[in-house]
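Chain nomenclature is as follows: A, B, C and D, assigned in order of appearance, with residue numbering initiated at 1 for each chain independently.
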Amino acid sequence: MVLCRYEHITQYYETDQMGIIHHSNYIRWMEEARVDLMRQAGISMVDIEKLGILIPVLSVSCEYKSMTRFGDTVIIDMRLAEYNGIKMFIEYQIYDKQTGKLRALGSSSHCFLSRDGKLISIKKNYPDIDRIFEELKHIQLKD
Amino acid sequence: MVLCRYEHITQYYETDQMGIIHHSNYIRWMEEARVDLMRQAGISMVDIEKLGILIPVLSVSCEYKSMTRFGDTVIIDMRLAEYNGIKMFIEYQIYDKQTGKLRALGSSSHCFLSRDGKLISIKKNYPDIDRIFEELKHIQLKD
Amino acid sequence: MVLCRYEHITQYYETDQMGIIHHSNYIRWMEEARVDLMRQAGISMVDIEKLGILIPVLSVSCEYKSMTRFGDTVIIDMRLAEYNGIKMFIEYQIYDKQTGKLRALGSSSHCFLSRDGKLISIKKNYPDIDRIFEELKHIQLKD
Amino acid sequence: MVLCRYEHITQYYETDQMGIIHHSNYIRWMEEARVDLMRQAGISMVDIEKLGILIPVLSVSCEYKSMTRFGDTVIIDMRLAEYNGIKMFIEYQIYDKQTGKLRALGSSSHCFLSRDGKLISIKKNYPDIDRIFEELKHIQLKD
């Protein structure tokens, strides 16, 4: 499966008084990329929630490698590193579009919940969605 | 009814690269003050939503009078200028706690909706809540 | 001058527990559109700030006409309604990309400041930038 | 050194359409707590930046243990786990004020930079501030 890289144009409201993009925004960009690439692959978060499936975040991490500034466009590549039908672990590379310079390395892990808070096995209950997640392990990204 | 003034301590993540608090945060502070003063008066948004009542924002405005900086504490006074059981119009004064200097004048208007998007008359359907809103027109604020 | 309409894809982190996009984000989208259309016209905020010019917000307003939901793409059209070299007043129309339905009407007013907080006349001191602002009064927007 | 626990009252604008507080806010709460406890100890970020010292974030992590909802008050305890004059590593415990239930475990690491981006040794150049950071390793927190 070949998907388009996710790009984010930095916004003025994302800056802080250090003159750089505030670090909390990178966590939001990882969500942007995750939602977009899943949608490209055929798993729309809008449809997922209509099925009654929530995908909460169990953990996040981000290592900041260099500073992003207002006006920069960043690319957020994601890799579904682990998925077993019940949980998943995603890795992100954030880098500057123009120079290719690495900005940050991130990760997030997730489970699948019903509206009433019970763990869901995607593998058992939603084989069609499970198949797409399995394919997401082997995506190629293009510009 | 005497209520406590609402205070907000400005946060680093609220700054922008102009070195001031980004203007969009004032809109959020108005919500903070509105929620807090209503709660003090006896109308908790948590309870309101449990009753199936949503209070969406129909309009907001803000005039910025002077700049707020990281480290400042601001006070947000609110006044329920109009309420008729179906809609309400609220005015806000935002000023620096230490100097009393005016930072901004704001306003917001709201209606009351059911979960399925129908207009609700608080006056007709929730007389106890209606009484509190009527009292909110005549609050005094203390430090 | 013909410029491209500004589009914003709504994000999960922009939603609130009413199940809609939180109203404070519209204020940020107006900034996104303003920065993008000015940049298309030849006035990059990055370059403007390198010249030592700040463009603070003097006021904002927004009337919410219908609800925006996660997954929607909105278009934010802007019109430079007034500009006299010292101040400007901008109007915004926010509408759903797919249906064309109006989501909100907004406005913002701005002045021009030096880094040390003095009012700047763009007309007097930056005639090249002044010329572009004059042209911005007469833009056409295309998809 | 005995410092007051940092409390955060959750805000409506921090919720998302899952009906919980969006995970990105926890990263901001860690900053709130860090800034507040450092200020209580005698290191105000406002003063630090006036000295020309920036304290950027090198990494963050957060493990979400249970969901925080609008209306909850959370306490964010922090512990300066490592500090050597050049870098520091901070750990956070976020828990519900009312029930004491753990909401999240977090961490952040930081260095010290001059305005022109050079690494600063606090130990060498700011012995008074260094002393306070050393004391921050051994704080007690009280309600």
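We take it that contacts are C-beta pairs under 8 Å (C-beta built on N, C-alpha and C of every residue); 3 or more make two chains touch, one makes a residue touch a chain.
Given the structure is predicted, the values throughout are model-derived calculations rather than measurements.
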C-D or B-C, whichever has more C-beta pairs in contact: B-C
Centroid-based (C-alpha) most distant chain relative to chain A: B
Centre-of-Cα separation between chain D and chain B, whole angstrom: 28
Chain C and chain D: spacing of chain centres that average the CA atoms, whole Å: 34
Interchain centroid distance [CA atoms averaged], chain B/chain C, Å: 25
Per-residue multi-chain contacts in chain D, two or more chains: 12-13, 17-18, 20, 24, 28, 31, 70
Chain A residues within the chain B interface of the complex: 12-13, 15-20, 22, 24, 70
Residues of chain A touching chain D in the complex: 17-18, 20, 23-24, 27-28, 31, 49, 54, 56-64, 67
Chain D residues touching chain B - in the complex, by the definition given at the top: 9, 11-13, 28, 31-32, 35, 44-46, 70-71
